[in-house]
Each structure stands twice: as C-alpha cells, then as structure tokens.
Amino acid sequence: MFDLTEKIRFAVVGCGRMGTRRIRTIKENKNAELVCICDSIKDIGQALSNQLECEYLADYRKVVTRRDVDCIVVSLPNKFHCETTVSALANHKHVLCEKPLARTPQEATRMVEAATKSSAYLKVGSNLRYFLNVQKARELVDRGAIGNLLFTRGWIGHSGGKQTGTWFLDPDLAGGGTFLDNGSHILDLTRWFLGEVSECIGVVATAYWPIAPLEDIGLGIFRTLEGKLAFVQSSWFEWADYMYMELYGSEGYLRIDNRNPLCQLTLGDREGAKEVFDYSLLASQSYGLELEDFIQAIREGKQPVPSGYDGMRVVQMAFGVYESSKSSRSVGLFEQEGESSSGAMRGLR
Amino acid sequence: MFDLTEKIRFAVVGCGRMGTRRIRTIKENKNAELVCICDSIKDIGQALSNQLECEYLADYRKVVTRRDVDCIVVSLPNKFHCETTVSALANHKHVLCEKPLARTPQEATRMVEAATKSSAYLKVGSNLRYFLNVQKARELVDRGAIGNLLFTRGWIGHSGGKQTGTWFLDPDLAGGGTFLDNGSHILDLTRWFLGEVSECIGVVATAYWPIAPLEDIGLGIFRTLEGKLAFVQSSWFEWADYMYMELYGSEGYLRIDNRNPLCQLTLGDREGAKEVFDYSLLASQSYGLELEDFIQAIREGKQPVPSGYDGMRVVQMAFGVYESSKSSRSVGLFEQEGESSSGAMRGLR
Amino acid sequence: MFDLTEKIRFAVVGCGRMGTRRIRTIKENKNAELVCICDSIKDIGQALSNQLECEYLADYRKVVTRRDVDCIVVSLPNKFHCETTVSALANHKHVLCEKPLARTPQEATRMVEAATKSSAYLKVGSNLRYFLNVQKARELVDRGAIGNLLFTRGWIGHSGGKQTGTWFLDPDLAGGGTFLDNGSHILDLTRWFLGEVSECIGVVATAYWPIAPLEDIGLGIFRTLEGKLAFVQSSWFEWADYMYMELYGSEGYLRIDNRNPLCQLTLGDREGAKEVFDYSLLASQSYGLELEDFIQAIREGKQPVPSGYDGMRVVQMAFGVYESSKSSRSVGLFEQEGESSSGAMRGLR
Amino acid sequence: MFDLTEKIRFAVVGCGRMGTRRIRTIKENKNAELVCICDSIKDIGQALSNQLECEYLADYRKVVTRRDVDCIVVSLPNKFHCETTVSALANHKHVLCEKPLARTPQEATRMVEAATKSSAYLKVGSNLRYFLNVQKARELVDRGAIGNLLFTRGWIGHSGGKQTGTWFLDPDLAGGGTFLDNGSHILDLTRWFLGEVSECIGVVATAYWPIAPLEDIGLGIFRTLEGKLAFVQSSWFEWADYMYMELYGSEGYLRIDNRNPLCQLTLGDREGAKEVFDYSLLASQSYGLELEDFIQAIREGKQPVPSGYDGMRVVQMAFGVYESSKSSRSVGLFEQEGESSSGAMRGLR
C-alpha cells in the first residue's frame, strides 16, 4: 500500500479529447502527480508537455517501464487499448483504460488475463457511474428506496456527425459503432444495477449516417442470471442527447435524466413521481470523482471498480447484440468464451 | 351512404368499464342514437337500460339481427370478440371492436375475412390515436416537421393490480397479458407512424405479479419493410403510467408524453427541444373523437381507420413477440399466415 | 379536555360549496360526529340532512344553543360570519369559521373579543396551510434549510367568472373582492412564514370583470416588524390558477407551485434548484388535515392555529391595502384599531 | 443615410465586462467595423487594442471628435454615461449607451436633450428585449394571442456577491442599487409591453448584503396611463437567477422564464398552459441582435428603439420607487420634471 502522503504518479498515453480531459483532472487532484504524457503525434505531445511542465515521450513502451510512474491512463483509440494495457500491466503499472475496454471480447479477455497476472490493477473508464444523479440512484437503490429491482431501460447517444473524420468511424480502430462506443455506458450501468447478465437478443443497423459497416443505432434486450430484463439502446441520431435511464423496482422507480440541459433524478413510488433531485446547475464532477475513486482504491490496495472484468463483460454484451443481430437468435453471455448459447433466451410463456 | 340528417343507430354489446364508456360517448354524440344494449349479466344490463331509456337484450344474437341497428360496438372480453364481430358483420352491421381485435392471429384473421365478405365495415378500437398530443404528432410528421422517420421507441403500462379478479387475468378470456392488452396501443402507433412491419424479436416474462402464464412485461424490437427499427415495451408495473413514445426523424424528433398528469408533445430539431404542446389541462376527448371518426367514415361510405386489418396486424405483432420469446429467434411478420420466418431478422452488420 | 374515546360533535352552518366540503370531511373523520346541519334554504338543508342522516335546523340560533354540539363550522357568506361566530362562542361552542374571518376589521375584532371571553376556541379556515407542499415548506424553513427568511412573494387567483351570480360579487355580503377573498390565503401564509407585519402599501383595481366596486386584482407590499418585505397579489384573471409562492432566505429559497396540475415544492440553495418534492399525483388532503388539526387542538385544550386573531390580522392586512389604494399612502398595521399610520412605510434609503 | 455597402464605424468607450462584450459583438458583425477603443486604464486598453488590431485612446474626448467614427458605445460606469454621451452626441456621433441610461433622472434628461439637438441617434442598452423568448412574446402579443394586456409582473436579479469590489457598489458611480441596475430591464419591458406609466408606489431596502445606502431589493407597483397595473421587483439575493415575467391579457397569458438554465416562453389561454417555446439550448444571440438592430436603424435613418427617451423613462420609474420608498406615498411619473404627483396613485375602490 501507498504512503498516504505520497502522490500517485501518472502517465497519460494518448492526448486526444479524452486524454487531455484526463490530464486536466490529474492536474487538479492533489493526490496525483502527472509525470509524463505520450502521444504518437509529436507536435501535439511536445506542445502539451511544455505547457504542462511534464515529460513527453513518443513511444508508450518507454512509458510503461518507467520507475517513476505508478499508473497509466490509456486514452488511445480502441485498437491500441489491448496492447498498451497488457504491456503496462506486465510492468506492474495500474491502468485506467477508456471504455470500451477493447475492440473485441478476445482482446478484452487478454487484458483481464494480464491484470490477473499483474500485481497492479486494471480499471475501465465508466464516467457515467460518477454522474451525480447516477450516484444518487445507486444510493437510493442500495437503501431499498424502490424495493427489489425488476427491470431497467436506458438509452444514450448524441447527434453524431462530430465523429466525421475521426477514428471512431474507422472499423479497424474502433471495433464497433454507437452500440460499442456509447452503448458501453448503459450496458455497464445495466449490469451494475441489475446484476450479471446471461443472454441477449438485439439488432443493430446503419439507419442514417453513411458509415456502414459501423452501426449508428443498436438495440438490445438482456436477461440477467436472476431472470430480470433490461432494454439498452444507443444511437448516433439521438438528437436530444445525452442519456436517459429508468429503473423499476417492486416499490417504485427511478428516472435518471441527462437530456440536455438536465441532470436530474426522479424518485417515484407505486403512485408516481414523488421527489426530484436536480443537479442541472452543478458543474459536472464525474471525471474528478472517477480519478479519486481510482486513487483511493490503489492507496487501499483494493481492486478499483468497475474492474477490467466489468469492462470485458460490457464488450461481451455489445458483441452479444452484434452476434444476435447477425444470427437472428438470442446469444448466451455466460458460457465459456466463444461458445454459443444453447439454451438460448427463452421467455417465460 | 347515409342521409346526413339521420342518426347512426348503435347497439353496445358488453356493458363493463369500456362498454359503459362507449355508451356515454354515444349518448353525447348528436349524430348517434343508442338503440339497445346487451350484457350477459341481466341485473346490470336491465338497470343500465332503464337509466339510459333504451332496450336491453341478454343475447347478442338478437342484437345483430335487428333492423333498427346500424352499428355494433363490441366491448366484451377478448374471447368473445371474434364470434360476436363475425356474426354482426354477417348481418351487415358495422362493428367497432375493442382492442386487441382478438385473442389470437387466427381469430383476428377470421374477423378480417368476415369484414371482407360484409357490406359493413370493421373498425378496431385504438383510443391512443385520438389523444390530442398523438394527433398533433401525426400532423407534424405528415407535414415533414422531423424529416424522414428513422426509428421509434415507446412504452405503455400501468401499475397493474386493478385487474385482480377480472377476465384480464384469465388466459382463456384474455389471450395474452400486458403485451397484447396494453402493448396493442404502442404496436398500433408504431405501425401507423413507421409503416408496415416485417419481423420482430422480443421477450415476455412474468416478473412481478403472480399471473403466469400471462406476462406482466413484454419487450419487442420490430423492423419495418423499409428497414426502420422500433422498440415497443409494455408492463403492468409501469408505476409512472401511462404512455410515452418518441419518434426520431432525419431532422428532429417528437416526444409524446402521457405520463400522469401530463399530455404533452415536444418537438425537437437536431439541436434539442424547441416547442412543447401542452394538453395536460384539457379534458380527454379521445373517445368522442374516435366515435365521430367512425360515424363520419360510415356516412361517407369509407373504410374506417384503423381497420380490422390494422387490428389483425397488431395481434400478429404481439404474437410475433410471444413466439420469439419462446423460440429465441426472430419471427417474420409478413409471410403467409402461420408460416415461420426464414430469412429472419438480420442486422446490417 | 375531552375523553379521547369520545367523538367531537359538529354542526355545520351553511351548506353551500364550502359547507358541503366541510360536511364530507367531518363524515370521513373517525374522531368527529356530525350532529346537525343548518341552512336558510330549507329544500337544500332538508334533502342534505336526509341523505346524511343528521338533523336539520333552519335557524342558526337553535344550533348554537344545543347541548349535543361541541363545535360549529361557520360556512356562510362573509356577512354572517361575525354574528354567527359571536353567538356560538357566547354559547361556548368551538368555532371553525371560513376565511376571510369577516367583512371588515371591525367585525373581525368583535369576533376575536368574543373568543377571548369564551371558554371555547376560534379557528379560522386556512386551507392552504395544509397543502402538502406548504407543510413541507414549513418543515424545511423550521429546520433552517434556507437560512434566515428575507423576503416572500406570492400570488393566488383563478379565472373568475365562476362567481357570477353568487354572493361573492355582492359587496354587502362579501365585503371585498379578490384580495380579501383569495388574497387572504397568501396574506396568511406571508405572516405565518415571515412574522408579524407592521405596514403596507398597495393598489386594487377592477381591470377585467365588470364587478366594481369590488376589485378583481390587488397588489400589496408588506413590511414586517423585523423589516422584512413581502409581495402579495391576487386576481380573478389568474388564468393559470391557482397559487404560487416563493420564500427567499439567506441560504436558499423555496418555491411553492400549485399551478394546475402541479403541487410541488422546489428547494434551492444559493446556486439554484436542488430538490423538488412532487405531490401532484396525490389526492388533496388539506381539508382532512385542517379538521384533524382542529380536533387535536380541542382535545388537548390548546388554541387551534391559525386562531381568530390570525384571521383578524389577515383582514386588517387586506384592508390596509384597500386603504392604501385609496389614500396613495402606506398604512400602518400595528397600531390601535382604526388609527392611521403616522410613521408610515419608509424605505431604507 | 448610409451607403449600404459601407460598414458602420464603431468606437467603444469603456473596456470592462460589458465593453468587451460589445467589442466582441462588433467584431462578429459584418456590417460593423471597430475603429478604436478607449479605456482610462492604459494597460488594459493597450493590450486589448493590440489583440484587436485597432487603435487605443485613453481620453474619450479624442474619440468623440474622430472623423472616422460613426457610432460610440458607452460602456462606462453609470456616472460617466451622461458626460460621454452628451459629448458624443454634440459631435454628431450615434450613441449606444448601456443601461441604466444615467445615475439620475436629471442626467438622463440632459442626455435626451442632447440627442434632440444632435443629428445623431441615442439608443439605450436593453439586452432583454432581444432574448429569443422575449422577442417571441412581443410577436405573440402583437398578433393578439392573449387579447388585450391587463397586467404584468416580473422580477429579475442574481445572487449578488459578484459585484464586491466593483463600481456597482459605489453610490457615486452607480447612482442606485439593484432596482436601478437590474430593475431597469424589467421596468423597460413593462413599459414596452403595457404602455406609458403614470405613477408608482414601492419600497426598496437593504436586506441581506452590507451595502447600504444602496438597496439589494426593490419592489414597485406601477400604473399606466390606461390604468393597467404592473409589479416589478429586483434583488441581489435572487438565488434562482435570472429573470421571470408574466403578461396577463383578456384571453390568456405569457410566461417568460429565464431562470437558469431555461429560456422558455409559455403561452396559455384562459384554461391554462397550451404551448411552450423552448430556447434553452440555443446560444444567446441577444447582443448580436441588439447591435444589428442599432445598425439597421442608423442605415435607414430611423430612431433606434429603445431610444434615449425610453431609457430616461426607465430611470424615472426607478427613481419614482426610490422616492415612494422615502415618502411612503405614490409618485407621479408623467408630470413636468421634478414636480411631485398631486393626484397620486389612487385605487379604483
């Protein structure tokens, strides 16, 4: 465990939109120190390192072996998550890897295996868990405010277009479209609230943007090991972005509403809405809370949550829907890796 | 065609909750006349007929043959929709039959065939089409306010419980649970807005109320002939009843919100919400508008909409989800009756 | 004090809209018994008493002397509040008198004096204090949720018209227009939350309905003994009825919103809205809570709140604005009865 | 009149928060050219002029005489509005002077007189008129959507504190507190919508912030020449900033809601809310629209609106409330300058 007076030393690999956001958050955290940054584009990396007064390295392999780095944030395009993370973990560096954890379930599995062998921890990015209304929902669910959870439905998305010309639209770099990209968040929240999933059916399609073979809409229906159902949807023509999710329990419901410009949580009982928690005017604190959570876990020698395993499950959930969309059948999500569902997803009728 | 000065003469068969609502609406319509009512429970029927100053008959077979009746409203439990409607149509009486049109696709088909052979029309109950915000949505879609429709998602339900002890929970009388009962409305709106459906996948389950084999939750994903996707869900633990539906188009979206106590329609463009039409404080006029629509169609000698065929398609959609839930496969919805989907519901990936 | 197993025995004098509401509430309260009702219109009173299975008396003087009556609800037009209440108190009957307590400050003073001499209590109707969101506001203010109160603003009203042909539009029977009638509620809440008032300025006018000399709009600015300011407004063309009031404190604010169909309370801190308590879907319980509060006070031998004195102050506040509107000067509200303000309402500049 | 191909040449005097905002708006307008800026603090002015690539002058007297300048924006503390504006107008430069037009009615009158003698125009800043929801309200009122206007109520404010250490809290520089500062906006809108005012009563106080003799809250009741009433309030502890205003007409009402994060307009009829126009997600365009309106008026040789006279009336309205707060009497607003109201503000009772 760490001496609590020492700062956790960070390196950030990948200085795009997410990377710079992580960098800013590290600089603002009094328990964290930014040691170096890494980006394959030298001009960007160099300029940024000057500004940040930290070291710049072009090659991530030089980062993962540094003695003065404890943690590595992997903010690269999805394609590079696996190699970088595995390498960092092999060098016993803690890793915070952006979501989705990987381009494929196979890559995700390799990363989780690397974490198992490492003395360091792997945490997957899951910013929505740290939204103030999501945190409040978690607290209310935990104290039984809506009884036993029965069902969730949620969607996420944005108006697309802004990815034009980015790696998000390159199938090799991204590994999937909106359902893997944005959907990951709702998939993660679904599993976090409802429990482990066992199978799914779903459909993905390219309905609006000319980005095939990537999908711009995806819909999945999931069943948990306990038989609970969930609906997850994601799209790149969700004009009223960003996120909306409802949790139904035996005694009431919760409505998480992050449709621009809202950040609210509504608590209802069996008669309807009763209380609204409004965070719309507060500055988002999610990145700060996420980093702090990582740092605390490291200091206490505990596995950070969501873990690499959680991230892997999310990738498997997304690929379950991809497979279901191709096969027109339900897909098992709790078998040996790669094995297809036999019992399938059967209704109770 | 009718002489526009003559009233349309109605008989109502079934004097339960829906029947009495139809009776009240007929009494309020200046173009309609209530000739007689029919209910198998004599005490109820007799008392009501005294109050309404109309005739009472215990046997529907005596109703369908009356010369002084033009239209018959079938407000019976689902089990009796088929026999009564077929008999009325055979006697060339126009029929307004409550939704769902029938307990099974087979019964629904018989009813549509009977309508084909009759000189009279068959209209299926579809009260939600007459909600003021739904009517406004239809108008806005028709004038292109949100461009080309791409996708819809909608749900409906209530908090259940109120059906305890009613025929709604008797599988033989009802034919299905919440997805057939409430779901019919969203299935109808989905097809009305998006166009003809070609296949579906879905799951139904009995998650909360002890009412198996009837489901208290159902989820379906539909694809139209044009490849558009839709999500439809229904439950009997939708505490924040009643209905919510969103339509996404290439240029914006519409949000139909009938969650108690609201009746609103939000129009958004690609940047977000722009205008809200609020009908929350207006008394519901949907039953009156529905009846008037029926009467006008009859007077003009036109097929009322939604027709028996539309009602049959809705039953097929619900049963498509039931079948998919059992088989864990997608189900074709545009083949010869009874034939299973071969090409299935394939994603675009 | 009362034996807690005995019911409190009520008589209701005046069986109009409010009287019948009070009657219903008494019948629903298990600690109350309705002994008799009284109304000057025999047909109405007789029919109602048959239905209620209680006695009917045409003359209130026979009611106030009955041995089997503990409490009298005075639900008569304002003109008769004074005489009936004074007579009932003289006979040591507890009185719940509708608001406004009287037509004039002089009458109100007589009623309070009668209460002082009686062994029985006088409570004035103040239904809004029992609204669920108002009760919650009181609780939050009391626990310091918004710090020290600084200022309130509130308005009330409805769309008028419904009083056409009623005593509300007869100056002799009513004593005042909307500001005395509806305004009483906000005046009472203002004084309840902010504390005793010392002076006011204001204006009343007849702006829309042809009901002069009665006003259909009134606006008043009040100052409390502690120097706090309040704005109160009432109108009969408040189309978006019914009530809205905001409380500003040193640490935040409360927004009481009873605009149809809402019943909400918003709690904000110094950065904006934080929490909304939503009672919109709950049936109003205010009349039941008001009666129960009265009964509990009687049983415990305590002065019910709001008292006759509170009701008198509200009438004085309304007449302060009437006087200010005539004199174009501020009016003192904390002097000997009838004496005009000398020090007047001076700003701090 | 101007050659429409020529740009209007601007100088901005005063480079504080408002001045820099005006500068930015001028730079963005294709019909405007920024010639020079002026600020008494040389460091700020010099740095800014370098950045803007325009000339910098320390002394406004050198600005007003420049041949290459058509319009001068006066964004100085209130104390300097009069002298600068009068000087600019004397040199036949058009002037856009920030609100409030002046520290006192006397100064405002001098400015209006200067405009009368000048060949150039005087426009007073009135940013709220250019809010999208206010513009829509104006349009709806003009087309009779709510019938004849009867009454308005509105308030404005913010949470104060941010003025600490600024000229806003210096009585000599500012001339008044929140009611002159923020209140100006609502006073202007009130007069714009309701028509010319004739008298007022009101109170101002220093209730929360230690800023006496400046007020942090002000309340005024106004009567128009046509007898319509209005309520205007402003405070520096309006935690839920920023602005809220309602217009009541004979056929309905409008609700202008700019409480953070909203920018909405609700249109109601006599039954309640019917339509909401939502501009919350649009970037504010008010400064751009205000400048463009000024430029168009100049090009067309028309008096810009609101004019210097309008600005003067607003100052008189604010000072009417200041005077009423001191005298505890109503104050006439439509007499010879300086003469006190005799007939005063009498209610209709």
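Chains here go by letter, A, B, C and D, matching the order in which they are written, and residues are numbered from 1 within each.
Please note the rule applied: contacts are C-beta pairs under 8 Å (C-beta built on N, C-alpha and C of every residue); 3 or more make two chains touch, one makes a residue touch a chain.
From a predicted model like this one, the values you see are computed outputs, not experimental measurements.
Here the repeat of C-D among A-B, B-C or A-D is A-B, since over half of its contact pairs match by residue number. Two chain pairs are in question, A-B and A-C; the one with more C-beta pairs in contact is A-B. The distance from the centre of chain B to the centre of chain C, each centre being the mean of the chain's C-alpha atoms, comes to 48 Å. Centroids of chain A and chain C (each the mean of its C-alpha atoms) stand 56 Å apart.
A straight line joining the Cα centres of chain A and chain B is 41 Å long. In chain B, the residues that touch at least two other chains are 260, 271-273, 280-281.
Chain B meets chain C in the complex at residues 260-261, 280-281.
Per the touch definition, chain A reaches chain B in the complex via residues 150-151, 153, 155, 159, 201-208, 212-213, 215, 217, 219, 221, 223, 227-229, 231, 233, 235, 237-241, 248, 250, 252-253, 255, 259-260, 268-273, 322, 324-326, 328-330, 344-349. Taken in their complex, chain B has these residues touching chain D: 271-282.
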